[in-house]
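You will see two complexes here that share chain A, one where it goes with chain B and one where it goes with chain C.
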Partner chain A sequence: MDQIITAVVAVVGVPLVLLGYIIGGEKVMERLPDRLQGWARPYFWALPAVGFATIFMVYPMVRTVIISFRNNDDTEWIGLANYKYFFTFPDTLTALRNSVAWLVFYTFFAVFLGLIIAILVDRVRYESLAKIAIFLPVPISAVAASIIWKFMFDYQPPGTTQTGTLNAVLATFGRDPVAWLITGPFVNNAALIFVGIWTAVGFCMVIISASLKAISSEVLEAARIDGATELQIVRLVVTPLLWPTITVVGTTMLINALKTFDIVYVMTNGAYDTDVIATRMFSQLQSSHFGRAAAVGVVLFIAIVPLLIVNIRRFQQQEEQR
Partner chain B sequence: MSAEVTTRRESAVERGATALDNLGYRLQRLPLHLVIIIICAIWIVPTVGMVINSFRGLQDMSQSGWWTTLFPPHGFTLESYRQVLAIEGVAPSILYSVLITIPATVIQLTIATMGAYAFAWMRFPGRNLFFIVIVGLMVVPIQMTLIPVLQIFKVLHINGTIMAVWLAHSGYGLPFEVFLLRNYLGGLPREIFESAEVDGAGHSTRFLRIAVPMTIPAIASLTIFVFLGIWNDLLVALTFLGVSAYRPFTVVITGLVTSFGGGWQFLTAAAVLQMALPLAVFIFLQRYFVRGITSGSVKG
Partner chain C sequence: MAEVLARLSSQAKALGLGTLLLVVACSTGGGGTSGGGASTTDVTVWTAWGGDELKAFRDVLKPFQDSTGIKVHLTTNRDSTNQIANGIAAGTDLPDVAPGPTDPNLVKSWISKGALKPMETILGDKFNDYISNTYPALTTPAAGQSDNPYILVVGGKHYALMVKTQVKGLFWYNKKVFTGTAPKTFDELLGLNPSQFGGAKSLFCAGFESGAASGWPASDQIDNIIMRQSGDQIYTSWIQGKVKFSDPAIKLGYQTFLKEVSDSAVFGGRNTALSTNFGKAGDPMFNSPPGCLFLEQATFIANFFHQNKGVTAGTDFDFFAHPSINSQYDGNVNGFYDQFSVYNDTPAARKLMQYLATKDAQQIWADDGGTLGAIKTLKYKDPIFARAAEIASGAKNLLVTAGDFMPADMQKAFWQSLLNVTRNPGSLDSELKHLDQVQAASYATS
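Moving on, here comes the complex of A and B:
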């Protein structure tokens, strides 16, 4: 009950407080001399957002780097020991390997299938219906998606009735059931990555489809008149024109792949060699190995830095065009 | 535009000149339809299968696949739902999810809108630098921040409270929202703001009377997006409320999945309850939802 009241107070109160901040602040500001006013006002307006970002992101990032060089109790400097642990401990190396697999296969297939599906459904009349079907997993949480796929991957010993959809399909073809989530390291990681792809393709498709619609049909018509086959058109005309969008979507997918946590945590919790960097980090955190956890976080961040630079470059290019 | 339509129509007429040609054309397109239908099936069947399973008896679920229910006797029952809701902590966790999601969404969007206005319509030294930092923060993995934020909450004595999660979500969500709203606000016509300024309207009036009302479409899309992001979140809640009494729905479900070895089947009902809200939002507010996604990344 207390929690409900606090929530209601927050929902009503925070906008009111900000309103008061704006109106009250502006009242104070108007009394200031003109020059001071012009200098102070923008910072006054930007302060709440910048302050939040500083407290919850910038400061913690700096702290995490510091913690990663310190022991668990944060009492002394231990140099690179936490990093050394990360790059030598077998379990973490497995996680590193799996994250690379996620990075490559999740990204490639999510974008590739998104592109192919966008191009295919563009040619049929029931396009919007097909798109809804593909997009359906996007709003579903990774937790729910994991339960959905636990049923798909369900495994019963050979000879008994298979209740899992995939193994039942295998059974109708007279094949032995596969323990999808246990057989490692190839099958179970591939299964998890596929669940990731399943949740992501709709996102890629929607964005690629939006820029596909922007390609003028005259270009395509001209290619057809020149005698290009549909496959050539897709390969030589459509894909190059979509390339900027594909790189944007690809960057987003790379970042998602590196951050992958929910699906692995819920479906296997890293068992049978399915750990990824983010689940590794969380298990270190849970066992209060803060130094090691911080080091994992830093490694994850360093992996993302190139993508961060790409994003900033793209932003700067867009700003020049404004 | 209309010329284009006519050429298209003409070429279609040519293609379908005779009935036989028409048939050939259709046959040619058969693989296309097949591929699309197969892909759609792969994308839909898992969800449909689980939803059907959630309405079956526990015995049925562990003895036969969901597809057997498609033929009589169906044996639909609400047993799973009853059983899941009877587990201690499950029903309250749905309430906690609501109590986490709504305030967190409101808090971050009000702060973001105000910040975005400053970045869009005010000039100040360091503006570009600040904004580039914000663009960079959008992709920083939150793993990079969890430990220090946990320590901040401990110092403030709000560790394990719902308020802590509001703050954490707000901090993590702000960069993206400020970025998106600033682009939207910056695209509004300059003349409106200038004429308001000439008429003597201060920044607070310009913000509240012009900027906010004109940004409502963007805020609406963003609200849906942010709301569902928090509703579906696992990592933040697990980190800051993992052992608290106020664990949200996703955390409680995850706990049940990992703690039940064999008899986890009835959790289908929990999954259906958890995804009912996102799916309803997607179905009824599809346009806003998709717009939120596309505007976020095509321009980002």
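Moving on, here comes the complex of A and C:
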């Protein structure tokens, strides 16, 4: 019963309270002198949003930072012990190494392939069909994508029918099957990153393609008249014009790479040295090492902040250009 | 405003409730903390069961609800330990009845906070019957000890009611292929020549893949070795983090385990064992020619054989108990159990627990199949479970599965170490050294 009451109160009550705040507040506002009204109204309207953001975003962030310097029961300050654990323990170092691999290869290939495909499909008549094909993996949830690829990577004993697509292909050429998710540390990490790229290329392509369409055809014609080859046009005209978009897409991919969790969790759960930072954070949480988990979270946060700033700046620049 | 509302999480809603209570002063009382009071008519129960297990539990509850008129509000919750921990910390509502914690530290902490209620009071005058009816290994700490947090006995009191159990470490075989007698010792088992039995390709089948929990089937195998090779004392101390992984006893366990999964002993080689899901691991036993002679797995696997291969327990396949390794430790059996603890001592909760402790209730579980009850004298239609019940009765110690009672990151590292040494046996020493590090870090409380 209690839960039902809570639900009803939350669904009906909270909007009512906010409505009351606005209507009641506006009534008070109207009685204020004009100059004061103009000054106070924005603060008044922004207050609920700022309040919610403070309670649900700023406060947890501050708490996370605090917890990262405290023991598990949150009763004692323990200095940098949790950070020391993060930067010295072999498991987290492996996770860091893998996360760097994700950062570099996932981001590079997702953006690079997205760019190439966007430019190529721009020049063919079946563009939308090709784009749909590339974009299809994007709406698939990472968990489903991981399961699909688990089947693709499936391994059966040598000499028996291979049910995994990749090993079936190898078998037709008379090669022994490869245990894709087990052979490490290169093959399995590459396999996981590949799945990540597969789910991300479509997104990069769509964004880059949209901004490609915005390049005016006059610029390209001018380049052609000046005698530029198609390759030169792509390299010297199109790509520089796309740079702001590529940066935004790239930083988004970098953040995705840092946050990678689901693909690794579903496909290997970090076995055979495939852990990444986020899966480490999760396993620390699971074993009630809240301090260490918070420290991982803070490191991840610090790593992402500069990217966010770049991203937001670029975005603002783009907005200004319009 | 829509955007603001969209950000509301469930916590936000609870907070919104607080705001509204201030404004409207409505009559719901103290919000989340009010609780159901000492109900005589309703009882809330959480369980991790789903599917057939949940259906069986509903069958068990039906006569209780019909005869007492008490309504059982059943919720499947696979995260109950965390949620109850949060509930205890925040002082919010707890379910009346739910599984007790498995982590010994949590058991002690919750008892000290009064969150767990002793069965001595809950069962009242039925308590002595419960103890005498139930497998001793599930209710009685080892001789000379008053506590065993793994079965939730602390300070001589019982904080959980055992309802179901399973036996692990059984060697399953195809009756048409393996016609010999069950080997008495582990060396005898390893010495069998598979090709003598219907031209089987290898001695063992194995499948260690299980999604995010990959490695647990391998951990069952090594658990069953260590408890029979070095005894229950070392085994239990090792679970508690008091014996290192590099300890000679544990290392010997790993080395013995590696004999079961060498390229020559395991069907399809090591990569096959690592890539195969545990549920399909035994299928090659029923191929022609058979892929292997034996699969080591718990009682539940019989259902998988039946589903995958259409074979019947008793006529097509059977099992023998884990052979002895050191005769001194015969009678150490690996099992797991399902239990319920009481978090709110209400009349309805007491009645439910008293009912679940009866033979009538547990017989319904036994009849629905797929599990052993916790009571010794249940009747099993399924020959597999009838024999498993004999093994459980004969157990001197029913020992828990190691990984399940280690801290979560220790468990993960332990499981994955078994995958790693299977993949590369040469890495054993470095793996054990690494496990020592994880052990030191994960058992630390801060």
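Keep this in mind: the second predicted complex is superposed on the first by the 264 of 322 C-alpha atoms of A that agree within 3 Å, B and C clash if a C-alpha of one lies under 4 Å from a C-alpha of the other, contacts with A are read in each partner's own complex, and residues count from 1 in each chain.
The rule we apply is simple: contacts are C-beta pairs under 8 Å (C-beta built on N, C-alpha and C of every residue); 3 or more make two chains touch, one makes a residue touch a chain.
Predicted model, so just to flag it, every value in this text is computed and none were measured.
When both complexes are overlaid on chain A, the residue A:V14 reaches chain B and chain C alike. Residue contacts after overlaying the shared chain place A:Q318 against chain B, while chain C stays out of touching range.
Once chain A of one complex is fitted onto chain A of the other, the partner contacts of A:T6 extend to both chain B and chain C. When the shared chain is aligned, no partner comes close enough to touch A:Y106: not chain B, not chain C. Of the two partner chains placed by superposition, chain B and chain C are both touched by A:F52.
Using the contact criterion defined above for the overlaid structures, shared-chain residue A:A142 touches chain B, although it does not reach chain C.
By the touch criterion defined above, A:Q162 reaches chain B but does not reach chain C.
By the document's definition of touching, neither partner reaches A:F86: not chain B, not chain C. By the touch criterion defined above, A:V266 lies against chain B and chain C together after alignment on the C-alpha atoms of chain A.
The partner of chain A that touches more of its residues, comparing chain B with chain C, is B.
When both complexes are aligned on chain A by C-alpha atoms, chain A residues 6-7, 10-11, 14-15, 18, 22, 48-49, 52-53, 55-56, 265-266, 269, 286 touch chain B in the first and chain C in the second.
Those residues of chain B that touch chain A in the shared complex are 4, 7-8, 29, 32-33, 35-36, 39-40, 42-47, 49-50, 53, 61-67, 95-96, 98-99, 102-103, 106-108, 110-112, 114-119, 122-124, 127, 130, 132-141, 143-149, 151-152, 162-163, 166-168, 170-172, 174-175, 178, 186, 202-204, 207-208, 228, 231-232, 234-235, 238-239, 242, 246, 250, 253-254, 257-258, 264, 267-268, 270-272, 274-275, 278-279, 281-282, 286, 289-290, 293-294, 297-300. Per the touch definition, chain C reaches chain A in the complex via residues 1, 3-5, 7-9, 11-17, 19-20, 23-24, 26, 28, 31-32, 34-35, 93, 211-215, 267-269, 271-272, 274-275, 407-410, 412-413, 415-416, 419-420, 423, 434, 437-438, 441-442, 445-446. Those residues of chain A whose C-beta lies close enough to touch chain B in the complex are 3-4, 6-7, 10-11, 14-15, 18-19, 22-23, 26, 30, 39, 41-43, 45-46, 48-50, 52-53, 55-61, 63-64, 67, 113, 117, 120-121, 123-124, 130, 132-144, 146-152, 161-165, 168, 198, 201-203, 206-207, 210-211, 217-218, 221, 245, 248-249, 252, 255, 258-259, 261-262, 265-266, 269, 278, 281-282, 285-286, 290, 293-294, 296-298, 300-301, 304, 307-308, 311-312, 315-316, 318, 322.
Chain A meets chain C in the complex at residues 2, 5-7, 9-11, 13-18, 20, 22, 48-49, 52-53, 55-56, 71-73, 76, 78, 81, 85, 89-91, 154-158, 160, 179, 181-182, 265-266, 268-272, 283-284, 286-289, 291.
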